[in-house]
Structure formats: C-alpha cells, structure tokens
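Structures are listed in the sections that come next.
Same chain, two partners: subunit A is paired with subunit B first, then with subunit C.
== the complex of A and B ==
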C-alpha cells in the first residue's frame, strides 16, 4: 500500500516536475516557427530521459549511493574533474535561466522589470532550501507544477488536426529556416535531458532511503512520470502551433509566448501562463541549486542531505547559497532570459555525453549492480541517441551562429 | 566524420554568403514582422479584456526595441531602394501605431487601440507577402 502511494506520488511529481523554463522556451519556439514538425525531437528526448532517469534511480536503489559519489570513488577524482567542472558551469547557466523564468512570471503579474525581481527571487529560492525538507520540496513544487497541465487542456480545446500532430512524431526536413529548425530540435533535446535531473533524482533516491525493493517503483515512475510529463511539452508545442504560428508570431521574447493560452482561456490564460511559468521555474531552480550542492558535496566527500540541519552540512548549504546568488546575477545584469535559456539548452544537449558516458560505464558494472546492471537495449538506445544529439549539437550550434537567426 | 562536418559547415557558410542583399534584408526583417503580428494579437486580446494594460505596454516596449533595430538594418542594407522604402514604410507605420497603443491603453482609448490593431495587421501583411516572394 505504501509503495502504491509512493508510486502515485512519484508519477505525479515527475509529471509536475518535467516542465521548466527550457521546455516553455523551446516548445513555444518550435510550435510558433514549425507548428507540429518538431514533436519528434521531444519524443526522442523523452525516450532517452526515461532510460537515463530509470538508470540513475536504479543505481541509487541498488547501491544506496548517488552518481557523482560513485563516479569519483570508482574512476578517481581526476577522471571526474572535467565533467564536474563542465556540469558546474551548466548548473549555473540553468539556474540563471530558471531564475529568469521566475522573474519573468513575476514581471507578468506585477509589471515590474525583471531586474527588480532578481534578488527577491534568489532569496525566495534560498529560503525554500534553507527551511524545507527534501520531501516538502519534492512534493510541493512538483504537485503545484501540475498546473502546467493547462497546456494539455488548451491543446485539446484548439482541436489540432490529428494527422498533422501525428506526422510531427516522425522527423521531416523543414520547408524553411533549416538552421533554425535543427537548432530548436537540439535545444528541445537539451531542455528535456537536463543533466541536473539525474544527479537530483539519484541523490533524492538516496535521501528517500530507497533500497532494491524500489527498482520496480523507480521504473514505473520513470516511464509513466516522464512519459506523461512530456505530454505537457507536446501540449505547449501544439498550442504554439495553433495560436502563434498561423499569426506569423515567432517567439524571440517571452512576451510573445505569454499570449499562448489567452485564446483557450480568455483572461485566465494570461494568469495561467504566468503561474505555470513561475511554479515550474521555481521547482526547477530549487532542484538545480540542490543538484549543484549534491554534486559538490559528493565530489569532495562532504556531509550532505537536504534533511540535515544547516550546521551539520554547512558546506552543502554554502554551495547552494553561492550558486543561487551567482544564478541571480544574469537577471540583475539585464541578460535576456529567453536567449539565456535557449543557449543553455543547446549547450545542455552538446554536453550530454559528459553526463551519459560515466553513467553508462557505471550502469554496466556488475560488481556494483549485480543482476540490476544494464541490458543491451538500454545501452544501445542511450548510446545511439546521445551520439545523434552530439552530432546535431556540433552541427547546429555553428550553423545557428552562421545563420544568425 | 570530421571531413563531413567541415564540408557541411563550409556549405552552410557559402550558402549564407551567396544570399543577395534583397534576400538578406527579407530574412533580417523576420523579427520585425513577428513583432507586428504580436502587437496585433496583444491589442486584440486587450480589447477582449484577456490581457492587462501593463502587459500590452511591456510588449510594446519590447517590440519598439526590435523595430528600431530593424529600421537601422534597413537603412544600412544594400538591397534595392524600392524594397528598402517599402520595408521602412511598414516599420514606420508599426512604430507609430505602437506608440499610439502605448498611450491609448493607459487612457483606456479602445477606438485608437482597435485602429492600431488594423495598422499592425496591414503592415504585417505587406511584410509577409514580401517574405513569401523570397
């Protein structure tokens, strides 16, 4: 009974936690510029994220250890140092983008400039981490995040042409702006397969004291939670494809995306967009900051745990405090939140092998995982898609710079 | 693999360089056309009481920055004079209409907003047709 409840809660939190600033930005851009033509990249990314999340949860459940901890122990500090440094930079960029998303949501609600909100938002995120337990963070922000299901409801209300939506599930060549098409495809993949997700998920499983009996629960949460979660992103693509694309609106600024829900929900659509964005980004910002602390603490062998008192893991708390402060500087210094997000998501995709390769090496270690080590299918699918993403990222990022769109 | 990538990038670079000034200009006005459509939609939604005044004003301010940038691009373009004039006229119309909307929403002047919405629509339509001819 307890496991069934945890399973239900886990799926709900995965759905609520799936959507963040990266998904809002990339899906609205994809739908506005190419209607449903880029749904395939979201589906591709969802398959990989299901595999990777399942692996990181299975690893934690079987070994009772989080990923960075074991990568350092197993391969040595030198091996882990480069991925660790790259991921630290990525964490900061993602945190900056998420804080930007919260600031924009507050700007929509109050009309005040984004810069005004940078420090108050940083304090809010920090207070959440300082005061709340892991369970509170995991459940509250993710369950509130279910408000993002408004995108799915809006998509259904627009009655999109089913055959066109289904056709979008298969990759096709774009009729215009090929460099922009491939760049958005890569950014969608980077938004879904965010590196922080795996460290957060595996460390969270350790915090929740998972054991081997949680392996089936983990699998169900990964498949159903991530699967249903991607529905919200598909909803956002469809809504942008139905509302923005026919009007010739491209999303180059969040103000353009903010109009997406106003047709399905007159008046409330604007509020729903602001609240969805605020909650989704708040949840993600908290997770990224925590993931940063987990990554530092496990790399340097410090005490860690969101449920410990700050005095017991002072360095863990110091890392998220400094990260949040640094992350808020992007908005404080007037960075464009959408450009920051899109750039970060493309880099996310480009560094995917840095995250996936050490994880795959560990997941194939039978001395650690015994009968729970990876099978052939998991390895082939993950390696294949990670390589494909790397090629797309290497090609599309320079093309985007050259194309200048 | 590396050779293929290099070829692909060089081909892309070459494609960009081969664009005529007219094609380049029509590509560069894409964001301005998108902002005109955005202002039209935001105005319509304001008239339908679906978005607040502060949102319309913030959207107008964001659009004005991009319209100004595009106007500079048009002025510096090597494209044919007639094309530059047509594009510049639409940008000027949209810029004036944006300023009118900014004032009108503050004064709750629905008639001016409705008229400006039509001006955005007309300017966007001209740019859209030009882009289609690309």
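== the complex of A and C ==
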C-alpha cells in the first residue's frame, strides 16, 4: 500500500516537471499554428523522458544516491563543474519562466500587471519550501494538479477529427512555415525533457528513502506519471488546434493561449485556464527551486533534505531562497513571460547531451548498479537518445533564430 | 582501493552521519623507505578552486580576505579520523558542527535563519 502511494511522486513530477509553463507555451503554439501535426514531437519526447526518468529513479533506488552526488563523485569535480554551472543557469531561467506563468495566471484573474505579482509569488513559492515537508509538497501539488485534466476534457468536448489527431502521431513535412514548424518541434522536446527533472527525481527518490525493492514501482511511476503529463499536453495541442487554429490566432503572447478553454467552458474558461496554469507553474517552481538546492548541496556535500528544519540545513535553504529571489527578477523587470519560456525551452533542448551522456554512462556501471544496470533494450534506446540530444544541441539555437516567433 | 576513484570527491559525514562536505583534495606523504600513503584530506572552496586553475584560487583568496567567516581557506582532516568507508560515504570520527566545515552553516543559522519565523530553531 505504501508503495502504491509512491505513485504520487510520479504524478507530482508529471505535473510539475511535465506539464508546466513550457508545455502550455509550446503546445498552444503548436496547435495554433499546425493543428495536430506536431503531436509526434510530444510522443517522441514522452518516450525519451519515460526512459530517462525510469533510469534516474532506478539509479537512486539501487544506489541510494542522487545523480548530482554521484556524477561529482564518479567523474570528479572538474568534470562536473561545467554541467553544474550550465544547470544553475537553466534552473534560474526555468524558475523565472515558471514564476512568470504564476504571475500571468494571477494577472488573468485580477487584471493587475505582472510586475505587481513578481514578489508576492516569490514569497508564496518560498513559503512552501520553508515550511512544508517533501511529502506535503508532493501530495498537495499532485492533487491540485489534477485540474489540468481540464485540457483533456475540453479536447474531448470539441470532438476533434480522430483520423487527423492520429495522423499527427507520425512526423510529416509542414505545408507552411517550415522553420517555425521545426523550431516548435524542438521546443516541445525541450519542454518535456527538462534537464533538471532527472536530478530532481533522483533526489526525491532519496528523500523518500527508496531501496532496491522500489525498482518495479519506479518503472510504473515513470510510465504512468509521464503518460499522465503527456495526455494533458496532447489535450492542450488538440484544444489549441480546434479553437485557435481555425480562427487564425497565433500564440505570440499568453493572452492568446488563455482563449483556449473559452469555447468548451464559455463562462469559466478563462478562470480554469488561469487556475490550471497557476497550479502547474507553482508545482514546477517549487520543484525547480528545490532541485537547485539539491544540486548545490550534493555538489558541495552539505547536509540536505526538504524534511529537515531550515535551522538544520541553512545552506540548503539559502540556495532556494536566493534562487527564488533571482528567478522573480525577470518578471519584476518586465520580461515577456512567453518569450522567456520559449527561449528557455530552446536552451533546455540545446544542453541535453550534457545531462544525458554522464547519466547514460553511469547507468552502465555494474560496480554501482549490479544486476540493475541497463540491459540491451535500454542501451539501444540510450544510444538513440544520445544521438537525438546531439542533433538537438546543434539545431535548437539556430532554429530559434530563424524560426522563433 | 583506488584512491582517486574511491576516495576523492566522496561524501564525508561525521559520527552522527551528518554530511560535512566532500573530499575536495587528497594529500599524500612520500617517504624514502616505503610506498606513498594518504596523510590527510583537504576540504574547502580554495581546494576546489585550485583544482580548476591556480589563478582561480588566487581570485578566491583575494575575495576571502575581504569577506569571509572562515579562519582558514582549507580544512584538514587527518586520515586517522576515518572510521569507515562505505559505498555511500566516508564516516569520520568528528562532530560536524564543531569543525570548520560548518563555519558557513553556523554563521547562516545564527545570523540569518534563526531570525526568520518558522525556522525550527529553538
């Protein structure tokens, strides 16, 4: 029974790490511009993320160690320094984008400008981390996050043409704007395979004190949790394809994305969109800030754990406090939240090899993982993932320059 | 045991298994009549900075002179303090809170964290 409850970890990671500001931005852009044609990109990313999440959870369950911890120990400080610095920048950008998402949700409901909300939102995110235990965060965000199912319900209510939706599962060449098409495809992948996700997930498994007996649970968590996130994202693409595309509305601002649910729910659509976005981004912001603390504490060997009182791990708390403050500056200084999100997702895609390669090397180390090291199937997929991430690293930034809207 | 693979960069913890940094540096003693042996571990940002580049260490030392709560940039832990080495960590016969590894932690607790409500400090 306890292990059944552990599925909550997967669902939290799904909502926080899977369906967040990046998915709202990229899926609404994809649906608005290309209807269902980019569903394949989401499916591809989902398969990759299921494999990588499964590996990072299995790693933590077998070794009782999280990834940043092991990468420094195994490859040495000077090797880890570069990914660590890149990740620190990524964490701050993602945190800025998630805080932007919460601010936008509040702006939608209250009409007050984003800048006004930057600091109150920062305080809200911080309060969760300051007072809540890992379990509370995990359970509250995963329950509240179920509201994002509104996208799936709305998608069903629009009765999308089934054959067209299914056809979108296979990659096809676009009939217009090929640069924009490929750029959105890449940014969807960057939004789904967020680099911090694996560090967060493995640290969370250590917080939950997983051991070898959790290997099967972990597999179920990876598949179901990520599957849930993917379903919501497909819902968002379909809704955008049914509501925005026929009216010629392109998403260049979150205000256009906010129209998505107003057809299915005429009265509540705006509010439902705002609440879904606010909650998904809040969960993700908490996760990213926590992930930043995990990576610092493990890199330098500090005492860490969200279940300790702040007075027991002062440096751990300092890292998330400063990160949240820095993350809120983007909104405070008037950055456009959608542009920040899209830029961040492209960078996410570009840095994937830095995350994927060390992790995949570790997954093959039998001195660490014994009989739980990657088998043949995982390794074939692994090589595919590394090749994919290398291609993304090369194309994502140039595509952003030519195809970003 | 392979000292770079199994010791360097490994997590250190005290008697109570409180994490107290990592093995940032290893110092060997070379004697005429015997093989080299590990004398002590070094801990601290200065040790890490030197591993990147000596110049980075000099920058760090310059910053430290103006702004630091630590007396020494390097903390030394003698090999004799090692209690056990497990796959997870190296356990030391020390109390983390009393060592320089916790200088920053202590300073933060006293000057920042305690002053914020709900920190769990008595």
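By our rule, the second predicted complex is superposed on the first by the 379 of 405 C-alpha atoms of A that agree within 3 Å, B and C clash if a C-alpha of one lies under 4 Å from a C-alpha of the other, contacts with A are read in each partner's own complex, and residues count from 1 in each chain.
Criterion: a residue touches a chain if its C-beta (ideal position, glycine included) is under 8 Å from a C-beta of that chain, and two chains touch if they have at least 3 such contacts.
Everything quoted here is computed from the prediction, not taken from an experiment.
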| item | value |
| --- | --- |
| Partner chain(s) touched by A:77 [first = subunit B, second = subunit C, both, neither] | second |
| Which superposed partner A:65 touches (first subunit B, second subunit C, both, neither) | second |
| Partner chain(s) touched by A:108 [first = subunit B, second = subunit C, both, neither] | first |
| First (subunit B), second (subunit C), both or neither touched by A:249 | first |
| Touching partner for A:139 - first (subunit B), second (subunit C), both, neither | neither |
| Doubly contacted subunit A residues - partners subunit C and subunit B | none |
| Subunit C - residues contacting subunit A, complex | 4, 8-12, 18-22, 24, 48, 51-52, 87-88, 96, 104-105, 108-109, 112-114, 116, 118-121 |
| For the subunit A and subunit C complex, residues of the former touching the latter | 63-65, 69, 72-74, 76-78, 81, 130-131, 297, 300-304, 309-315, 317-318 |
| Of subunit B, residues touching subunit A in the complex | 5, 8-9, 12-13, 16, 27, 30-31, 33-34, 37-38, 40-42, 45, 48-52, 54-55, 57-59, 62, 66, 124, 128 |
| Residue numbers on subunit A that touch subunit B, as the complex places them | 107-108, 110-111, 179, 247-250, 252-253, 255-256, 258-259, 262, 266-267, 269-270, 394-395, 398-399, 402-405 |
